[in-house]
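Shown next, in structure tokens, is the structure this report addresses.
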Amino acid sequence: MGGFISKRARVLGEVLGPSTILGESLIGEGTIVDQQVYVGYPKRSKLLSNPRGLEELDALSSGSRIGSGCVIRSQTIIYEEAEIGDKVEMGHGVMIREGSKIGSNTRIGSFTQLDGMVTIGSNVNIQSRVYLPHLTVIEDDVFIGPCTIITNDRYPVGKRLSGVRIERGAIIGAGAILIAGIRVSEGAVVAAGAIVTQDVPANKVVVGVPARVKMDREEYEEKKRRYEKGG
Amino acid sequence: MGGFISKRARVLGEVLGPSTILGESLIGEGTIVDQQVYVGYPKRSKLLSNPRGLEELDALSSGSRIGSGCVIRSQTIIYEEAEIGDKVEMGHGVMIREGSKIGSNTRIGSFTQLDGMVTIGSNVNIQSRVYLPHLTVIEDDVFIGPCTIITNDRYPVGKRLSGVRIERGAIIGAGAILIAGIRVSEGAVVAAGAIVTQDVPANKVVVGVPARVKMDREEYEEKKRRYEKGG
Amino acid sequence: MGGFISKRARVLGEVLGPSTILGESLIGEGTIVDQQVYVGYPKRSKLLSNPRGLEELDALSSGSRIGSGCVIRSQTIIYEEAEIGDKVEMGHGVMIREGSKIGSNTRIGSFTQLDGMVTIGSNVNIQSRVYLPHLTVIEDDVFIGPCTIITNDRYPVGKRLSGVRIERGAIIGAGAILIAGIRVSEGAVVAAGAIVTQDVPANKVVVGVPARVKMDREEYEEKKRRYEKGG
């Protein structure tokens, strides 16, 4: 990538090497944009309108807004019309589609994919390689382990897409699969590898295939305390 | 990537930014090649023959054939000797190994990997992050949900590799695992997260770990109709 | 990526196209570094110290050591302070974090991620898209199938991280999930898709969710022999 920064873009942070920033993108103060990053990538309909080269693509892009104090590592692709808060840190190769919104102080692990309009709150910690499709909503203070898969189509290939909602303070273990339309309620825990086909009640821990309630969050925290003491 | 287009390549479409196209590659009319794309990547034996720089790699590459009206998004890597039909659309970071064949009107989601000689029909819809190893065959009109894993080695590390075959019109849910050598017959449905260890009969829906028949395709379609009406 | 090779780096092998090599990196004789590779990527604390451009990043990087006769394919990112032996071959888009060590004659598949200090022996074969977190240890002669997920946090979000250890000659099937702290003993086999929550005894084969012992390695090898004869 030779590097291309739109004349319409406003870059208050630091771009560390050749990257592409299209349209009226705003990169906030103190934000680090690594090399090989693409900000303001045009959505499908615009890409298909037959642009010839980066200048024409740039003219088509509405750009994206990235807050201040963020870190955007190499190979990350952020589509146009995304809104990212302050102090958001991303790993490498993150992909964020148009219309997605991310709050502040949130971390997005390497190769995680927001594959449509995805809404993520503040103080969220999403590990590497998580797949979040169109309409997923993740509230504040949620943790999502690596390689978690979320879906939005209950009977593929369907016309009715239903986003998964993960409420405040919930914890999702590595490699879990959350089926379209379910809600993981406040403070709930989904064990690693669980397949969640129904709503998870608040402060309950679910385990297995399909996922069933195994204990309360309180008991989980007690086990955790013992484990951390070396038990 | 500074961008390198082989003198032997025939590019009838549009290359939007710095990309690498090696060997006698053919890029059809109206095809969009994004930036940071690699077409005609040399297979292993050639890479190991000690080429010095892109010119020598280029001389070694047999190139690939990409049809007309395709979209090849950034970070995609297509090895030499791949054949891709018309109106094929790919997401970002797709990887396609040598000898793979893709029909027309097929969509390949971001970060999906054809890791060997893989044959894919027409009107196929493969979502993001799907892993398809050597010898996999996917017939026309198939849908594969995100993060599906297909294998080809029943008793690893084995000498006898057996490709999975997914027949016409089958649907594979997100995160399913299909074990080496099985056949998913025409019109069958594999639920999200299922681990399929045996052949799936035509027009049956399988669910669970290991996957068992749960209903007919007809019943599945009826449930889907009710769900789409809001039921 | 315009390409940037540190004046402090010692490159005895061949760099095939524009790549970035920072700090006192050593690239051994006969090693092939593809284009769009990043070697010596600075760890988090350094990246956050406000470097302005690649020269300043370069000054911060301690570099990495890569042996002789290796192949490092495009889009691979190797952080500083990694140590890689001789004749190690990587696919595309591999990510290796700071402090990781890899023995000799080991293969790392495309998009596999060593996400922290990970120790890998010699003659190891790791397929594509495997996720290996901080503290994972993999001994010599191990095979890991594609898309396997390893974890290190038994009760997320926890303070006590426990690495998984996979002992010599073990085999892990595709898409398995290994829970934090477990040990897969010498010669054991984990079936595809298994979720391993407890230690696996030596030379046992475990299957299912959660994984249970199903047979001895000897029986597994016998079944394999029959299968390879066409049974």
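All chains are identified by letter, namely A, B and C, in their written order; residue positions are counted from 1 within each chain.
By definition in this document, a residue touches a chain if its C-beta (ideal position, glycine included) is under 8 Å from a C-beta of that chain, and two chains touch if they have at least 3 such contacts.
Predicted model, so just to flag it, every value in this text is computed and none were measured.
Chain contacts in this assembly form a complete graph, since each chain touches every other chain.
Although chain A and chain B carry the same sequence, what matters here is overlap: shared residue numbers make up under half of all numbers found at their interface. Chain A and chain B have Cα centroids lying 24 Å from one another.
Within chain C, the positions touching two or more other chains are listed as 1-2, 36, 75, 93, 111, 209.
Listed in rising order, the residues of chain A touching chain B in the complex are 1-2, 4, 20, 36, 38, 41, 47-48, 50-54, 57, 75, 77, 93, 95, 111, 113, 115, 131, 133, 149, 151, 153-160, 177, 179, 195, 209. Of all residues in chain C, only 1-3, 14, 16-18, 30, 32, 35-36, 71, 74-75, 92-93, 109-111, 125, 128-129, 143, 145-147, 171, 173-175, 192-193, 208-209, 220, 223-224, 227-228, 230 touch chain B in the complex they form.
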